[in-house]
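There's a structure below that I have some questions on.
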Amino acid sequence: MSPEIVTAPLASREARPAGTVVRTGGVDVGGPAVVVFAGSCAVEDEEQILSAARAVKAAGARVLRGGAYKPRTSPYSFPGLKEAGLNLLARARAETGLPVVTEVMDARHLEQVMACADILQVGSRNMQNVTLLEEVGRCRVPVLLKRGMSATLAEYLLAAEHVMKGGNGQIILCERGIRTFEPSTRNTLDLSAVPMLNRHTHLPVIVDPSHGTGLAWMVPSMACAAVAAGADGLLMEVHGQPSGALSDGGQALTFEEFAGAMAQIAAVASAVGRSVS
Amino acid sequence: MSPEIVTAPLASREARPAGTVVRTGGVDVGGPAVVVFAGSCAVEDEEQILSAARAVKAAGARVLRGGAYKPRTSPYSFPGLKEAGLNLLARARAETGLPVVTEVMDARHLEQVMACADILQVGSRNMQNVTLLEEVGRCRVPVLLKRGMSATLAEYLLAAEHVMKGGNGQIILCERGIRTFEPSTRNTLDLSAVPMLNRHTHLPVIVDPSHGTGLAWMVPSMACAAVAAGADGLLMEVHGQPSGALSDGGQALTFEEFAGAMAQIAAVASAVGRSVS
Amino acid sequence: MSPEIVTAPLASREARPAGTVVRTGGVDVGGPAVVVFAGSCAVEDEEQILSAARAVKAAGARVLRGGAYKPRTSPYSFPGLKEAGLNLLARARAETGLPVVTEVMDARHLEQVMACADILQVGSRNMQNVTLLEEVGRCRVPVLLKRGMSATLAEYLLAAEHVMKGGNGQIILCERGIRTFEPSTRNTLDLSAVPMLNRHTHLPVIVDPSHGTGLAWMVPSMACAAVAAGADGLLMEVHGQPSGALSDGGQALTFEEFAGAMAQIAAVASAVGRSVS
Amino acid sequence: MSPEIVTAPLASREARPAGTVVRTGGVDVGGPAVVVFAGSCAVEDEEQILSAARAVKAAGARVLRGGAYKPRTSPYSFPGLKEAGLNLLARARAETGLPVVTEVMDARHLEQVMACADILQVGSRNMQNVTLLEEVGRCRVPVLLKRGMSATLAEYLLAAEHVMKGGNGQIILCERGIRTFEPSTRNTLDLSAVPMLNRHTHLPVIVDPSHGTGLAWMVPSMACAAVAAGADGLLMEVHGQPSGALSDGGQALTFEEFAGAMAQIAAVASAVGRSVS
């Protein structure tokens, strides 16, 4: 009735029972603390990303997220600032000291992205882009590998295995919602993925309640639920003015909302024996 | 991209902004406390249900669950003890003082079930059994209405509306997992249903992590996550000897595991400003 | 990767390798001919159902469908004419000679429904209403058992098994679309259910492209596809004036469209070695 | 209840009401004839691909399929013969005269693949690999773009729009099954996608019943159903010895089964006013 997932040899819990801690820029993901990655879906301009970086740092985030290369469903949507966006991320990192995670869509951009990023994000649409997985597997930089929109957990671990087989074991997994019949949320956040992955792999697991729900008002509740379920971290979207965002504004928290959410998250983290950051 | 659900007039939050508290046997569901409903999937014999009732009471549960009429997928599975099961539930209630919730599968059993039950459960398979909804709508007993396996939240609220239109507003909603493509869990527990329902209806919302995951080892984590998401209660399966259970043993906690889970749940409830029981 | 379904002993193909032919009112379902069941979703008034009955008979349908008891998602939708609707169906049967299929929602209506119906329909919402399955299992009237909205084929066969265990083996199965993430059609018509059921059960299998797609313009194509996939029959909605229908008008064909569809269906039936009638 | 899909401007039916015919190697896809693409999932060795090419040509297929670069779920599965496989495809093309379709997984392989292929396949895993879509959009070679495993039809058309925006309008769409809760088939073949796409885009639409079901015995029925639904072509897997295939043998037809299926397909094509060729 409920077959549990079959794991991949390199990624499986058996391969490293104590668990993997991914270290970058002074931050440990997979250790005792819950790590919050926050920032905007897309880097829009200098003022926007710098103000967001300062605000999320002040509220306790430890990693800055921001999209420079954006794989969009429509070719008419904002595709990101690309190289200019990477440079703005580098500036935000220099000012705040926060390590940066940003998406790499194409192996040909890897060198450029690695010059500005501390963690390489492989997005949901590319979870089974095998040659990209192989290329990031050859890098010596941590990888944030998001679950595909309809990937089973077994397939997800095999995608991580593609990266590990290349020699890169610094992988952070991220549940970000799956496709279901329910239309009221953008995706259905599958929080049972957290304990299931914790049981079957040694890799740290974080949760993205912003993409997982698509609804900013719901993000704080689901962020708390993710921490209660055992997540090692959170990936959250924050924007100085969500209604004017160039991408996914409906799911971004304001700076004030984010600070409020961090307090709730910290309380829940404490209840399950962890701290935030 | 993410249309929010349309509510039903009687069940909608607008109809009663302060929320509904369902009261039964001295227990308030939908009030400040998180209420735990626990017991076995099926009533099997006197010793089994009495020991379970004592154990869950001792650990802090406030409502006893137990199935006497069991709608089973296969006609060859254990269908429950029926009337004899109801009598055993009445005995457990008399001894422990816990109010009882049990399923009613057919309007023709209503009188019999109401003689022993404090709360009438309408199961997932009957969420759109319209004449049964109408009949429990005519009763003056609280109803625990479980979400259908692939019911949208809009359809779920309309099922509650069928009951309310009959005059019975004492309804407790229960998220219990939905059908998705993911095979590693029995169902996918949709915890975003909790904040979404809290926003759109005044009815209290509880969560069943036992059916929602089908895996006993995962139940405590997901129970904590449900409380962090804002659930008003939990429905959990407990069995003196899960491996020998006549129904769904793989998802039942032992008495010791249940007591341990209750401690974790209480800590998370406190972190979100609530107590347990 | 692709486990095939496990069947139920009474319903399984092994129990009757040559297949079951369900006979009613001079019509054989499961024999060499493809049988078309047509009519309106709901019986609305005498003129409406009589004109529909005449039109579908003239175009080659062999069974008249019409809903008198309608289980609706919302308590505010038209619930059917109930007993008055049954009487109108009886009148349409008397005039046209077409046998009638209509839904029974509640065991307490069985006697009344059997007085007017040649085939008892158990709808998708009641596919796991176990006591209703048991009751129609005690009848000696053919049953049209529709697949639940998210029932696996294994669960579907077990629902048929509930009926057969009661002693009634005259069951017609009906694929009517399943719940998926795709929003452009009302449901996703799962035509692979036809060969899969044909392999695993001896019961005849028909397809409902009207509910399966929710879009009248798409019904003729999908009806042809169902016949090409091996369906023993079709269940189609027809209405004299779809835009004025009290229920599901968007999926009903006009009389002219239905006659046109029948010609296409006959051509495909002939291509796969069958006739329509 | 059933919103129809919104199309993309370049791909939409309005942009070219008469429809697009994709021409390659003397074959018209999207014209009056149903075109069969057949071959093996992976190119394994010279004897295997040459015998398959001869067999499918003899039975009436017009395009040879064969995978040289195979994006596999597991890094431990056969990844294809890569460049050597392309050379074998070129040899099969030279001998039989059949145009060749093969997958391109990475923009860096494009030149190599185009040297041997007449049609570039973008696989399901890469349907939203935006930079790959852009690169094939710059080519002047037809593209076979497979639907993603859980792509809505609206998203699918936007993926085609990414290619068209680059200047390449020679695109063939391919329904290949979607992810659902049903476990008895590998995927659920969504044949309603055929009339829906035909209504909303001018691009030709073919169907892959091999991946869509994962079960060789079911392929002929579903191929016939696809043609009855209006498909412009079929993509089918054939292998000299399916039980020994290095990839997806369970869904491959033997040469004899394929020849038998072609006769059935031709009969259905004729019934809907088309030929096979």
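A, B, C and D label the chains in the order they appear, each numbered from 1.
Please note the rule applied: contacts are C-beta pairs under 8 Å (C-beta built on N, C-alpha and C of every residue); 3 or more make two chains touch, one makes a residue touch a chain.
Predicted model, so just to flag it, every value in this text is computed and none were measured.
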Counting only C-alpha atoms to place each centre, which chain is farthest from subunit B? D
Count the touching C-beta pairs: is B-C or A-B ahead? A-B
Round to the nearest whole Å and give the separation of the Cα centres of subunit A and subunit C. 47
Quick one: subunit A and subunit B, Cα centre-to-centre, how many Å? 34
Quick one: which residues in subunit B touch 2 or more of the other chains? 150, 179-181, 183
Residues of subunit D defined as touching subunit A within the complex: 8, 71-76, 79, 105-108, 125-126, 128-131, 149-150, 155, 158, 161-162, 165, 179
So, in the complex, the side of subunit C touching subunit D is made of residues 1-5, 150, 152-154, 178-186, 188-192, 194-196, 199, 212-215, 217-218, 221-222, 224-230, 250, 264, 267-268, 270-272
Mind listing the subunit B positions that touch subunit D in their complex? 150, 179-181, 183
